[in-house]
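Here chain A shows up in two complexes: once beside chain B, once beside chain C.
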Partner chain A sequence: MTDIRQIKNTSVYPSETTSVWRITFAPLVWALHFAISYGATALVCAKGGQVGALRLGLGGVTAVALLAIIWLAWRAWRHWDIVRDRDWENDAGTNEDRHQFLGHAAFLLAIISFIGVAYVSLPPLLIQTCQ
Partner chain B sequence: MYPIFTIVHRTRRSFLSLGRTALHWCKWTFRRRAWFILPALFLVSACEGRQSVLDPSGADARRLYDLALVLFVGAAVLWLLVGGLFVYVTRINPRAMSRRAAEALIIGGGVIFPVVLLGGLLIYSLPLMSAQRSAPDGMRIHVTAEQWWWRVEYELPDGSRVTSANELRLPVGQRTGLVLNAQNVIHALWIPALGGKADMIPGRETYLSFLPEKVGIFRGQCAEFCGASHALMAFEAVTMTPDAFAEWLDAQAKDALVPETPAAIRGAEVFAREGCGACHTVRGTPATGLVGPDLTHVGGRVSLGAGILGVTIDDFANWLGHTDALKPEVDMPTYDFLSQDDLIALAAYLEGLK
Partner chain C sequence: MTGRRSLPLPQGPFPPTEEMLAQPVPEAEQKRGADQLRAAWKTPTGWRYWSAVNNSEVGTWYSLTALTFMLIAGLLALAMRVQLAFPDSTFLDADRFNQFFTMHGSAMMFLFAVPMFEAISILLLPAFLGARDMPFPRLSAYGYWCFLIGGCFVLGSLLFDAAPKAGWFMYPPLATKEDGIGPDIWLLGLSFIEVASIAAAVELIVGALKCRPPGMRVNVMPLYAWYVMVVGGMILFAFPPLIAGDFLFELERSFDWPFFDPTRGGDPILWQHLFWIFGHPEVYIVFLPSIAIASMIVPTVARRPIVGYSWIVLSAVGTGFLSFGLWVHHMFTTGLPQISLGFFSAASEAVVIPTGIQLFAFVATLMVGRVKMSLPMLWIAGALAIFVAGGLTGVMLAIVPFNWQVHDTYFIVAHLHYTLFGGMVFPVLAWVYYFYPFLRKKLLSETLGRWAFWLIFTGFNVTFLPMHLTGLKGMPRRVFTYPESSGWGWLNLISTIGAFVIAAGFAVFLYDLLRPKKDQPQIPRNPWGAGTLEFSHEVPAEAWGVRSVPYIHSRYPLWDQPKLVERMDAGRFYLQDAPDHQRETIVTSVIDGTPMYVQRVTGPAWITLLAAGFTGGAFIFPTFHIYTPAIISGAFAIVCVLYWLWTSTARPPKDDLREAGLGLRLPTYASGPDSVGWWAMWITMLGDATAFASLIFGFFFYWTARPDFPPAGADHAIGVWVVAAGVLLVAAWASTVAAREANSRGRIIIARTALLVAPILALAGAAAAYMAVRQMDPTSHVYPAIMWALMIWLVAHVLAGVIMQGYCLAGSVWGKLTDKYDADLRNVTLYWHFMALKAVTTAVILGLVPGWLS
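Let's turn to the complex of A and B:
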């Protein structure tokens, strides 16, 4: 087995090491939005706070989260580079393929994160009270 | 361990045999199928009744019924679509699909369609949740679940409360709020024909509200396992016209009737002698216990023992003489040591507390 650290030409795609992290960013935004939504709702409802302000605040957090995910999705789309080379299967094990595969994965994760954030935002949008 | 190939192969084979069964069913003549369909029609008639979600008599139950119908019909359509697709790819056109068609199917049917469908269902069903707890425009009733009965207190406009038990009276056409609590373990209140279900949790208030649409007597049930006699913890929900309800509530607020027949007078003596008043309240008498149900107007209720008996003298005598057999592990002692005459007298007294 070849240790990945022994592969010489990693510098061809210098963003390689960071992009492994980058695929987690969209789900991370989703997780943060989820935690803020549930935490803030539990706190405000338990302490009898302003439900109107809570809904407005969660609306703002949702807008920021969705914009962040759209931006990440756009970055990942560029990364995947499907429009230029029409290469769906990035399974050759080359640096280019690894690079584009990570973009592909990040793009799909951004889509599911977008759906997750949108669904989590529905209860505060549609339910007016803590009841 | 099976090699993965064997598992895939077997799964595929079992799916194929399923398909064959489905085709076989379609080839049956109607006459043969009728033997299955006709008994099913008789089962449908069992959907009616006073404890049925399929026979809604309140605005909230109707909303839930519509939701269930939409979900059931939707699920049936989906099932037919997926099943039809399955028959298509295994029987009618078992050739390999083009990559384009396969991707359209996976992305369209596997991603876009469910996202849109589930999103639509969320938007339709989420408001129903809070609607089950809408603020009342009529009165508020405090219900506390005990093992295994219901303490019911009607809150009057001046804040005072009229206490009753094991029966819920609701005016038709008004939204009545229920403030729920529990004494010792978690219970849940459910009147399927009138509306939603809510947990009753010790030390925590929960809410539910009902807007009954029809006059009638419906059955409610504790819907969270709460001990030995959980299944015997029911109650009657009586919906009345607003005028009849106001009249009834006035009568409930009054003290107990004074016993008049010789049997009932003797029964009142037995009641005092046996110390029933340590646990039960009969307003207007020295009996002021708060451990068990308020008995001030117990003879005027529709049921006894939290929905398990009627309210004839025989029912009262049966309950007093076989309490633990009728409701296992109940706190109330069984009064089988009373003489038959005392037992019947006590039953006559209680039955007379209209």
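Let's turn to the complex of A and C:
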């Protein structure tokens, strides 16, 4: 019988109060990349700035965003731990399953965010003017 | 922090072992608990029934009201279809037709789709989570009454021929220049309802995060709860931009401040941005909870757990984010730079991926399951078919050149109805059939259900499939008639016939829903063989939600946890009694569902109705440009809310610990981040900060969009006063924080002094903010107008903050707030954290930014 007071201390997987937010980090990178792309374009096009510099700058921002997402994906992959225990469902009411589930969800969200960033990086790659 | 430490921690064994659960509960003990609970949760009878706040009552009223508004909006559509059936028809004149299509769209979105989601969640979320009720039942009731008053007001305008007629998105300058009170009714009436929506969102997020049963970790909670959480978050970030937009719009309508008037530096495109930053996520706010219903029905039909739980979570969260990057695809023809259009086109294509994933997960579940077809599943199948068709035209519309071709034609009408009927109407009807046994303890007719389905499904396709062609042939939206030479006549006639078939289907559905079912024998408890907690409900109904709050450690507890229902009924689990005859529910930790404390839940009250009535007055009087009664109404609304908070929230408890069952002893009071009130404040402030950010966005938008912003030689805010406002408000914040710290250390006198000083500083700061912009003329140009708008926003928030400080001071003096029971003060301090941030930002925008820009 476990005493409720010991729950926080005995767990192998820490209580992770922040981890439900952590699964949103990759989509947040997407949102930030999107906001920067939109804001910078609006500014440069309205104020008659250099479109070439804008496209180059956004390329740099995209590279940083993709790297950040890859890093988040790698961390989430390790949380998920699929290679070691082959548990795809993680549906048990245990600390381990909760931990791996959040890793799995974060990993999948990182993939979708990667695709999202890649899509949004295409317009400045392909279009050369503000018109 | 000493204050919190002196509150006790939970004690006793957790999680419960099988031996503990296997021990029978003595007969006398069972009866005692049941009697106490029945007394505590008794629904008021007679005319007092309307003071009920229980989620089952409020949820039922909510959904029936939303259904009524939907039927009215549907009748408007039918009238429009009659008008369009033949060329040059004179059934409706242009003016009435404009009113009808404006109200059809507005009512379907604001009075049906979003409120219906709230209604369904209020009804079902506690049941999914084995909770007794929502954390803030009176807030739900308040939200409902606001919705009812606002909805009747907005729809009632049709009867006086005074309804808005500029389209559901109210584009300026058409809507700003429109005569009459139509646009004001739209702006104020719907703002009022948006506030209620945000209240519901707060409640639902806190409910899903903090009111899960003991043991229900995030990886086993019902998918519906995941969707509710995502949708609540979306409401929080989508509705505030619209509220900020409404605020600017109404200032222009009432006081001629030129936010959207290009002759004085304004820009109508800003409204389109603010509207669609709300408007596109809104589509997903409507769609996700409906598809969440499918995620509950599909496993039951397939008789196996859902395939790809994590993938569906990905789908919900991913869609929630990506849907915020789509809004400009409603504005492709406004002349934005090509690259900008490209971003939104790309994001619109990307959102298809997470949206599609969940549909594939459902199909996979059905493929590997042992499908037992049922009526609800028929509706879900229809929903998926229609939604996929709408999604495919969505992919077409996301491509800019195609979009230019069909912009504002009937192709759009067809697309949006395919997504909304498939993504919302059909799942909601499936919901009614699936959960009717849970709601009314009766079953709907299988035969009538099939009739309704095939009529609505056929009618829908007959109405809207031809519209794709009508649109491609060039028929524009929102025209009240068309010439015979256009060649659109036969297509329109087909659509009109289809519309009547849909109406016939709804008539069958309504008859089935409302016909008396007294002769029907008692239904089984779990008629569909579902695996989730809501079908542990009691037949006949009991008002207490669950007899005892279970320990849950699986996704489908009714399938996986043997003897669960039997033990719940016996009161084997938690909160099996109510010794003080008070309503309570259990609050658990966000990630692992570890029990934290027992939350007292409020009971029946008239004060919520009264508060909603006065709030209604505060919004409705300004429509007619009468401001004194509006202010008086607003003041009374505040008094009502204060009375309600003072008498029934965060009062020091009689005992610090309560026997919660299975040997567990739980605290009865929580303060700071442990408490649900703190979470509600945090979430509300996020929404509020979003609205503020939208105003700031407006400021910078004018700067990028207009060469004359700020105009040369304009008056600026007075630097000294700006600095004074910033410094005084930050001092007021510091004083509030000092009060919290002193109070928790037992230095009551210092705390009270700080709480006395803080409002004085705050009021002085508000006065300084006013002095800073006083000499600027807001009607002359958009630059002074936006400065004034920021000042008004700041001062209004300061005044609310002052009331809160006064509330805490009064609490300290009259013993409601002590060094140990300081939840109010902690929540107010949280409010002031955001306040300080707003004050500094406003001061920088008022004082420094114009200098940098020019």
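Here is the rule we use: the second predicted complex is superposed on the first by the 119 of 131 C-alpha atoms of A that agree within 3 Å, B and C clash if a C-alpha of one lies under 4 Å from a C-alpha of the other, contacts with A are read in each partner's own complex, and residues count from 1 in each chain.
Heads up, the rule we're going with is that contacts are C-beta pairs under 8 Å (C-beta built on N, C-alpha and C of every residue); 3 or more make two chains touch, one makes a residue touch a chain.
Note that this is a predicted model, so its numbers are computed, not measured.
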- Touching A:L126 in the superposition: chain B (first), chain C (second), both, neither? both
- After lining up the shared chain so the two structures overlap, which partner does A:A63 touch, if you call chain B first and chain C second: first, second, both or neither? neither
- chain B versus chain C as contact partner of A:I115, first or second or both or neither: both
- Message: Of the two partners chain B and chain C, which one touches more residues belonging to chain A?
- Response: C
- Query: So, A:F34: does it touch chain B (first), chain C (second), both, or neither?
  - Reply: second
- chain A contact set shared between chain B and chain C covers 115, 119, 122-123, 126-127, 129, 131
- Query: Tell me, which parts of chain C touch chain A in their complex?
  - Reply: 9-15, 17, 20, 215-220, 305, 309-311, 313-314, 317-318, 320-322, 324-325, 336-343, 345-347, 349-350, 353-354, 552-555, 589-592, 594-595, 664, 704-705
- Query: Which bits of chain B are touching chain A when the two form their complex?
  - Reply: 111, 115, 118-119, 122-123, 126-127, 129-130, 133, 207
- Item | Residue ranges of chain A in contact with chain C within the complex | 1-5, 7, 15-17, 19-20, 23-24, 27-28, 30-31, 34, 37-38, 41-43, 45-47, 89-93, 95, 97-98, 101-102, 104-105, 108-109, 112-113, 115-116, 119-120, 122-124, 126-127, 129-131
- Message: Show me the residue ranges of chain A that touch chain B in the complex, using the header's touch definition.
- Response: 111, 115, 118-119, 122-123, 126-129, 131
